[in-house]
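Across the two complexes that follow, chain A remains constant while its partner is chain B and subsequently chain C.
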Partner chain A sequence: MDVITLASLSEGFAVLSDPWIYVLIVFGSLVGLVFGATPGLTAPAAIALILPITYSMGIHASLALLLGVYVSGYFSGSIPAILINTPGTPGNAATTLEGYPMARAGRANEALTIAVISSFIGVAISVLLLLTVAPVMARMALTFTSVEYFALAVVGILCVAGISQGSLIKGLAAAFFGILVSTVGIDGTSGVPRFTFGMPELLGGIAIIPALIGLFAISEMLVQSRRRTTAVDALPVDSGGSILSVIGLHVRHRWTVLKSGLIGTFIGLLPGTGPAIASWIAYGDAMRSKQPGEQFGKGEARGLIACETSNNAVIGGAMIPLLTLGIPGDPVTAILIGAMMIQGVEPGPFFLRDHSGLFVAIVLMMILANIAMVATFLPLRRLAAKILKVPYHLIVPVVVVVAATAAYAVSYSAFDILLLGVFGFIGFLMMTNGFPVAAVVLGIVLGPILEKNFRNALIANNMDVTVFLTRPISGLIFFLLAATIVFMQVRKIRTARAQRTLTADTAQH
Partner chain B sequence: MTAQGKSTLLREDVVIGLVLVGLGVAATIAATGIAQGPQQRTLPPNTVPLICTIGLLLCGVFLTIKGLLVPQKAIGLPIDSRQFSILILFIAFFLAFEHVDFRLLILVFVPACKLLMGCRSWPQLIITPVVTMLGVWGFFVQLFKVFLPTWM
Partner chain C sequence: MSLTRALQASMVLAASLTVAGMALADYPEKPIRMIIPYAQGGATDAIGRMVADPLSAALGVPVVVTNQPGAGGAVGVAAAMAAAPDGYTIVVGSDSSLSARPLMTESGYTIDSMQAVARAVEAPMTFIVAESSPINTIDDLLTAMADGNMVWSSPGVGSGPFLGAEAFFNEKGVTAQHVTADSAGEAIIKVLSGEVQMASVVGSNIAGMIGDPAQPIKVIGVASAERWSRLPDSPTFAEQGHPFDRPVWFGFVAPAGTPPEAVNTLSAEIEKILTSPESAELLATFHMTPAYQNPVEFAAQIKSEAESVAVVLQALGMQKE
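Showing the complex of A and B:
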């Protein structure tokens, strides 16, 4: 099967002949920059808010806008990480270790330039791998049955549940809740209503867009409403650190760049993982190969290069399971799957075969979004500190108004606005009590995939539940999943023990 | 109940665990009440919901046991008074959304929210709602042809 043909290439490039695509990519980049840079606002929140307005656009225009937000949103979390020591997203937590000391030493401009160039290279590496790995994976996915899809969906949900926050139990509870939410409405197989409580509005199931906006945006606004204004002073962006010198720095550390890009892409490829893990692993790897004279933790540029490259390399990696298996790798791709389905395109094993032109267009739009990220940020980087000074009493009401309008725009239903409020409050309670909201989102999105494949697998195998362990690929997937969970728990117990011993020793001395 | 027993029951994981148990029990009862539908060789419609509700229940039990065994701080109120008043304002805004002209609603909601969040600058209290209203009108109504509730 030749996935990418000349015809699909020309179809993909033809999309770029529409000037509207460029406008939307640049607009998306700006939205992503603002949302990622503002503490309390995130790229998933931006994409959830924008999704309803993409309904009336075509698939290309809609993806141009969303990919613009996605690419810039993942990078711009590094702006507050560098200037105020507060990561805009969990994926930029490692950035604070080197970025903030650089800014404190009067090298904020250099740190921001390194972050954007590293992010650019990270996306570029991952897009190249997307181009090469996705067709191979798509071919492999065609041999998968419901058993393997069920296994992959379980991995996707459990990885988010286990990794995104400290408590595995809370993560699991969030995932179960998300799947439970996805079962509301008429069951597609039996036609029986489930958890509708006599409400006709629930027969069609929980509307996913208001639920996502509520979980990502309203909950965060309720959390932020505790603050009166911006509490921190951002460090000034100086004039040092020319673009050429930063490019030279990347050339000098090319192996770190390449390795971090590969780490990020590989981590992104695993369902349920994300930029936070990728950046920590890449940072750890850079630290292990410390050269004489390098001072990690005190503003070491190579550390910053490692985490920012891998952080954004996750984007291309996460697109691979999305486009070839229909399994979203992180909350953003979970929303993207919804955006594509709204336009009548179903990501999955047949996507590359049936929509190879669209695949090429997506790759090209990711490259353009990457260029737009650099082109919009570099001239505006001296204004970056200003975004951090926007008071919360301005952000909160505006975001709530936009969220309600966006949720209403989906189907002009007052019930959707109520859902928005309910899920916003649920998300708020979860966030304040340490439950990962991302696990609920993946549960809601992957729930129907999980249930459908669970049913199909059992019917096809005479209701034999052992099939999930006896089929080689799914058996291996479940074995690796169990091994990962056991490994993580053992490591957690050991760390806790070591901390207790350390505390006891400190108390004795 | 002794003071120590009471403080044990107020531990964060104990309270959250018990809430999950309650939620799990209620959802399990609701899931068992789902009709079975026509008899066919497939899973009953309540299989996956039951797996989830029992999963929630078990998570609640584990969390409660963990909270009882491991000393930890008592749970605090999830919401302070200002957040509570803002939450009430949000609810009022959501309930009114379909019934009130969106322009008027924004002009009332935005300054009310800003006031509750401590903004006392009169120019900001006037300019922000007007700009937000114009922005929503321009972006959603004019550019994307979204029909928002209006009185005229």
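Showing the complex of A and C:
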């Protein structure tokens, strides 16, 4: 099956003949830059807030804008990570370990340039993989039944727990809360309404966009407004670190670049995971292959390259399950599903076949967004520190008003503004108590996939539970999951035992 | 109630009646809200918008389209039924959301809450199977269903094709296992992946796919009285000795109590729009057929459909308490 024909290629390229597409991609890049760079505002929040203005745009323009925000939003969280030691988004937490020491040593400009070039390469690697893996995946997806979808959703829910770097239990609790929220409304399998409390507004379930804006944006604004605003001292962005020398650095560390790109893409591919996990894994991997003379934690450029390449490589990876299975790979793609459905395009196994031209256009727009990210950031990098100086008493009211408008605009329903407030407050309580809100969002999205396919699989197979193990793909997925969990537990017990022996030893001496 | 209170109340009443009377004198005099209870982009959305623009031109006031999706159209219909019955709110409803939904759940409205305006379009329920399936006819299907274990799918419990198929099964005294899908597309994928043996969908969802080697499905029966113009090569249920007529339709309703002048004006304009060549062209791309009914006929259609579906819902145990 040749999915990408000459016709779809020309259709995809034809999209680029519209000058508006370029304007929207660059505008999206700038929005992503500002949101990513402002600590507390993340790429998912930016996408959720900007979504309503795409409703009337048509699919191409809508995706141009959203992909622009997506690509640069994942990168720009590294700006505050490097300059003020505060990651702009959770995906850039690992970046602080090497980026901030570099900036302290007067190499801020070099660190920022490395971050943007690494991000560029990360996206490029992942887009290349998207282009090759998606058609294969789409073909496979046509043989997938409810059994396989259920297995994939289980992977997603277990990975969600990884979003919380801290407590696995809190991560799972947040994900399960999301699943619970997703059960509100008419149950698809029996047709019976659940948890609607007689409110017709709830028959269709909790509207995802308002809930999501509340969880991502309102909660963060509540947290910020409680914080005493103090001017942040950003480190100065010096000269030095020329683009050529930074590119040379990437060529020297090409294996780290390639490996981090692959790690990022693979993590993106897994439903439920995101840039935060990808960057920690890639960073850990770079550290393990430490060369003599490298000083991790003290401004080692290779560590920075690993983080920034992998977290942006998540983008192309996350688009694969979105476009071929209709399952989001990360929090942003969870919103992109809604953005595409609104334009009448259903992501899923038929997507590549029915919209191969659009698929080509998406790939091209991701490449353009990648270029736009570098092109808008490099000339502006001296100004980057200025973004960090925008006071929160200006950010908070503006974001709250935009958030309310965005929630209302989804279906012109005042009830959705109420939802926004409720979920904003829930998010606030979760954040102040160390629960990851991104896990709730993925729970809301994965919940129906999990439940519906579980029940469908049982109905279609005479209520035989063993079908999840006897169907090959699902059986393999569950085997790998079980193996991973056992492996992690064994390692945990061993580490605990080793620590006990160590403390016992020290106590004896 | 004190005298002043009563006086105040009657003055407000009088004032509002005067306003209502004035409003009727030259309807319409302000923008009309058209609620489309489905997401932007789908076929139903396109049909609503197809009517909205010419309607606005004909009446000389803006027709503002708002999409309020959810619960197969019930959320948007409920919102419309809660609006003032002044002729300035209409909503797109279907056989499922207007006739069946109020019988199934506390949806915030019943058939008595609505004033029929105009039925607009229809397409027949259609049964499809994979091209490689041994099932070729309705008789084959009924044989395959004899043990009650056949697995089938539809675009959702409570949707038109679901209720239509259940009504047919009920009439024939057979049962089957239903695996739900979120859309017709998903139900078709389930047929192709072999997860289900048959899917019941709206004919408009598959009319463009027949004969496409990339979508190896075949039609085993179309639930219309005559051969359907969009699928001229596919046999009807009746031709195979199982007469069963089941259109899935969409139409416009307003809240009950909407002034008859407004209803008639709207209905007459919608009828004109549906017969225009522009509409014919657009409907062809969505494989729908125009099926106008005036307010009286449409009200009767909603009611008779509700009566027939009530029997099915009772048999399935899906009627609300």
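Methods note: the second predicted complex is superposed on the first by the 475 of 509 C-alpha atoms of A that agree within 3 Å, B and C clash if a C-alpha of one lies under 4 Å from a C-alpha of the other, contacts with A are read in each partner's own complex, and residues count from 1 in each chain.
The working rule: contacts are C-beta pairs under 8 Å (C-beta built on N, C-alpha and C of every residue); 3 or more make two chains touch, one makes a residue touch a chain.
All of these numbers come straight from a predicted model, not from anything done at the bench.
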What is the contact status of A:G205 with respect to chain B (first) and chain C (second): first, second, both, or neither?
-> second
Examine A:G191 and indicate which partner it touches, taking first as chain B and second as chain C; both and neither are also allowed.
-> both
Determine, for the superposed model, which of the two partners chain B and chain C contacts more residues of chain A.
-> B
Is A:L429 contacted by the first partner chain B, the second partner chain C, both or neither?
-> first
Between chain B (first) and chain C (second), which, if any, makes contact with A:I367: first, second, both or neither?
-> neither
For A:I4, select first, second, both or neither according to whether it touches chain B, chain C, the two together, or no partner.
-> neither
Identify the partner contact of A:R353: answer first if only chain B is touched, second if only chain C is, both if each is, neither if none is.
-> second
Tell me which partner A:V401 touches in the superposition: chain B (first), chain C (second), both or neither.
-> first
First (chain B), second (chain C), both or neither: which does A:L222 touch?
-> first
Based on the superposed arrangement, let me know which partner A:I247 touches: chain B (first), chain C (second), both, or neither?
-> neither
Overlap of the chain B and chain C interfaces on chain A comprises residues 189-193, 412, 459
Mind listing the chain A positions that touch chain B in their complex?
-> 53, 56, 169-170, 172-173, 176-177, 179-180, 183, 187, 189-195, 218, 222, 225-229, 391-394, 396-398, 400-402, 404-406, 408-409, 412, 414, 417-418, 420-421, 424-425, 428-429, 432-433, 447, 450-451, 454-455, 458-459, 463
Chain C touches which residues of chain A in the complex?
-> 1, 55, 142-146, 185-186, 188-193, 196, 198, 200-201, 203-205, 207, 341-346, 348-350, 353, 411-413, 452, 456, 459-460, 462
Counting only contacts in the complex, chain B reaches chain A at residues 12, 16, 20, 27, 30-31, 34-38, 40-46, 48-49, 52-53, 55-56, 59-60, 62-63, 66, 78-80, 82-83, 86-87, 90-91, 93-95, 97-98, 102, 106, 109-110, 113-114, 116-119, 124, 128, 132, 136, 139-140, 144-148
Okay, in this complex, where on chain C does chain A touch?
-> 39-42, 45, 66-72, 74-75, 78-79, 104-109, 149, 151, 156-158, 177-180, 182-183, 185-186, 188-190, 192-196, 214, 318
